[in-house]
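Scroll down for the structure; my scribbles are underneath it.
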């Protein structure tokens, strides 16, 4: 036993895990952005502005959390955009300004999100098709259904509902704080529960996971269901933020939800990375947008800057990926 | 020596006896290979049944006009998928090529420079994508997403927000003209797909791409220039996207900023429906063409039956999942 | 009339403009118009800060918040969608920042004033003209913009109300062009394959997609004179084609000059002068010769609106001068 | 304890098992032997619930069982160490060992620290020291195998199946493994042991079942069978001589030097190696796993770039080598890991054989499929590759036959040098003798062969000259009569024992 403890201690401390390296990198980029912002505009560093940035990252962070989980298993969910669109029109359309409907409708919408996600997961597991295809197909169907329900913004929300998005606790947005807590909770669950480790295992080597008797199918369905859940929460948040749902509200999230995931260091082939990186990635993107607005740069340059930041964040990363 | 050879034959014969493949396996293998064509034919019949006007010569010719641009992109996309990649920047390349085309005088004399500029845009984008993927190990999804965004920014910068100007008449003829009922753009597709299919399926370069795509390490140890092959795939893909951008731009006289919008995902779906595995190393160009046709057909049928736009989107989604479930296993 | 005394401030001013996005030529010209407006008044305007949301609601909400953070004296907002921007604009107003809606409003009336050319008016006028031209009887295709986008819906819905009043008017199909001639041509080809010559009129929600539609008709073998009537707005190409292929056409402009006007309105608000609740810019109306109807007459001869050598997608309703082209223009403005 | 009866299993094109039977008792180590492709691994997978049998029955403790999947079999106490590693490359060693059974804290959360402590203890008992926090992908192949074994020990299974566990480990590790296996047997665990190394069967197994062509051939106590008898049962014919005799008249001293490596260095794994390969001879390279032999071979072929030194071949000296040049210079390289480095698994036999000599099967710019088929057919007959023909996808073939496909490929390019890294890993007795024969045939053409092997009898039996490597440097060159197992072990391990 005594010899154990000796050999149990690693001879050398591993210098820097990839996740830590990535966090440092994002931290550095954020620091650069803040430094530039502070130089060009004295209002940039005001707490009110930083609180805005904190709030503005909320929706992207939330979708990207679900996306992170699917990516960790080596999958991807390209139905999130359409799902958010559909759920947002259902939320505001069914609540329609009626305060009594808020709870039942939100519960229903969350349930529906989980259901759609479960369906995605079942498609991936049972049909044995690549998740990209399954979820893309599902996305088209959901978008069609959203447009069947309405072709224009519908319904509305009762007073107070918008505090989900605009309410502040100690100067910080309620939604933002909630998302921060959700991320921490998910990160702990991923690290400290068997299911969490199984998510990593499945993404690391699906075949091995099957042979070792892990519940690969259940885990796969679970992450897509979770993605559906977080899409539903995003939809509700957006309704609070926009005051109503619209049939194209989510469209942009389909691809953009992947950005913070990968910028944050989760590898698309699965099995590696940390959801807290995703959160940092979302903050980084929100901060970048804020800075560009302060710099008064035209759209075209904003786009170029966004593209370059994505490249910069990933291209300096030297770890080898297995495949797309 | 002779004795050994004899026993070798006996061994081989013994193995042959052991292999009695069930009919089902054969059927499945065939379905995997030719499923898209079956699906395509089935779709044609269904369309003819549901909408009598489907087989009208003008509708068929319209269909081809619409299939061709997607098919061209899908060919390039297929090539990238073959080497385990993905190219999300194709739509941005298409729009940029089309926008560049309208930035000239609008006369036929400019067609050659236009084509050269478009191809140059393609080559540059492809090189950037390939460089990021091969040399920097960036995942293709992200690398091409980033170039897509950057290219869009540059395009906006160039056009000041919206393109203006005319497509030269020649490009318009190529994009939307017909000879009799044969669309001219079909020629472009033939000119693109036939050489590509020949190279891919009949030459050593194609074989090298196939092997490299299936297993990059093996390709490297076989002395193939795997990096060049991979970057080449991205370059060809972007060049084809640029060509498709010109064809699609010529299809309608006026070009907007979003020529080719949605083609990035549609082309991936078309290639996958056509039998390309996203894990690389497998697929045929014919399949990619059929995959593109199936996607366009799905939208056309809904319009012909007179269902509202929503069903067009829904049907497309169902077709994707159903077709993939039938034969495009991962 | 709205009292703006509470917003009165001494110059110079910092004005924020949150734009929904660029992407088609109309909005590009409009952006140049607002810059020109700032340039015209650079004596009192210290800064015009422009943000562009790329047609993304979430980004526009952030943009508005960021503009407020930057301490603007007044906000001009062209809302990507009218509901999504409502809460954030309402909040800005509550914080005492005057907001002027421009061309695309928010759903509620929590703003100081709304500068626009009326979408419902355009849609209604187009529908009225078609109905009168067809003597209340015929088949119509609706060629809308983007499903769910407010100008498209705001023009289409009043039009549909009018069509509904005539039992012999049949709407064959409603198709969406996403404001793109390419997409318009694709969808119209299928529609023409289905209905052929029984289409009597195409109600189009703007001019951007009309060339695609006319092209589709021409390719389906419609000779000059056979192509059904179209409605259009702002763009040069459809007018040229109307003459060339003898297509009856009604042009109702949605002048981008309203963007320049908005700056003037903004200065009025900041000087505390009362402004009307809605500032409507007059649309220019033009009809192909011989196609006038009892309630629709042109303001200008149709020919005079065409710029014969101009590009097809050139905007004919700007007031930035004859030499103006969006791709070469460089407008100085305080920023 | 386990009774398998009447089990059949078909894959597209192949009948892997037909009417197979097997009986394993508590507290015995039961060997399963048979040629490549005999169906051993398939049987393993059926017992473990990975694949369902087409027909037949499994009984565990007398009760018939039908597995719904690997999870069910695992829950019933069956643990398998598969022929291919089943590790999560980016999870830590500790997590790999405790997969699905991590210790928990009182709150029900996983206790990583406790897992790492127990993992370290376990590794210590197996006689290896591996940092339990390292990701599995960073370990050497041998260490990965030890992790696999540790995994099995944690499980405390009722039935433990090991499919070629010693293919990648040697010496001390094998001894430690056998030690644990004997102890498990004495504790009443039933063990199925699959290996192509027959001496191991005689060392630790109690009974042995022979499989041939998917069918049961015999089951007997090991004590009642001789090695030769076992081999003839497996092969169905007598294999008199395992290693072909050295051709007469071959003189190691006068054979021409075809390739000379000078002070080759690759990172810290190969630290200055100089060697000579002579035409017509088989030069062996022996050493413990991890000695750096594969890196050296890779560097000679250009698969890894040299950090120093040079290679002289064909009259020219190169300080940089790339595979394309190596091939052009007449080299061939059968890699250690045929799946990830050698074969194109999605392609067929024909394409894999022609892959390195595509110019030989082209006419003009085009591939000549007919020529490719002819070429492949000749090789299939010549090397006795068991497959349905040139169009058979290699992914469905057994390991030994895949290996022959690889050798056939490189036999076409190697006019000067052929490097074979563990050419008989996972290859059965029958196929082995053929591979040895093929090697001699190729050498007879004047080709210099470099053979890397971790199996002593093999490398001693085949080598005309033998280098021994240890921790990145050569420790000796043995020739002819000087080549003995004792000398090799001495040179390969001397430093370790001294340390």
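Order of writing sets the chain letters: A, B, C and D. Residues in each chain are counted from 1.
Everything below uses one rule, namely that a contact is a pair of C-beta atoms (placed from the backbone, for glycine too) under 8 Å apart; a residue touches a chain by one contact, two chains touch by 3 or more.
As the structure is a computational prediction, the values presented were derived from the model and not from experiment.
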Contact-graph separation of chain A and chain D, given in steps at minimum: 1
Find the two chains joined by the most C-beta pairs in contact, please. A-B
State, to the nearest whole Å, the distance from the C-alpha centre of chain A to the C-alpha centre of chain B. 30
How big is the gap, in whole Å, between where the Cα atoms of chain B centre and where those of chain D centre? 41
Where the CA atoms of chain B average out and where those of chain C average out, how many Å apart are those spots? 37
So the centre of each chain is just the mean of its C-alpha atoms; given that, what is the distance between chain C and chain D in Å? 72
Using the touch rule from the top of the page, what residues of chain A touch 2 or more other chains? 147, 298-299, 302-303
Counting only residues that touch at least two other chains, what does the list for chain B look like? 156, 161, 308-309
Which positions in chain C touch two or more other chains at once? 22, 147
Give every touching pair of chains, nothing left out. A-B, A-C, A-D, B-C, B-D
For a test of understanding, state which residues of chain A touch chain C in their complex under the given definition. 41, 43, 46, 48-49, 52, 55-56, 59-60, 147, 151-153, 156, 162, 165-166, 238, 241-244, 246-249, 252, 286, 289-290, 293-294, 296, 298-299, 302-303
For the complex, give me every residue of chain D touching chain B. 10, 12-15, 213-214, 237, 301, 303, 322-328, 333, 335, 340-347, 351, 355-356, 358-359, 362, 365-367, 380-382, 384, 386-388
List the residues on chain D that touch chain A in their complex, please. 48, 50, 69-75, 80, 82, 85-91, 95, 99-100, 102, 109-110, 112, 116-117, 119-121, 123-124, 129, 131-134
List of chain B residues in touch with chain D within their complex: 5, 7-9, 11-12, 14-16, 18-22, 25-26, 28-29, 198, 202-204, 206-208, 210-211, 214-215, 217-225, 281-282
Within their complex, state which residues of chain B touch chain C. 51, 53, 56, 58-59, 62, 65-66, 103, 106, 156, 159-166, 176, 178, 248-249, 251-259, 261, 300, 303-304, 306, 308-309
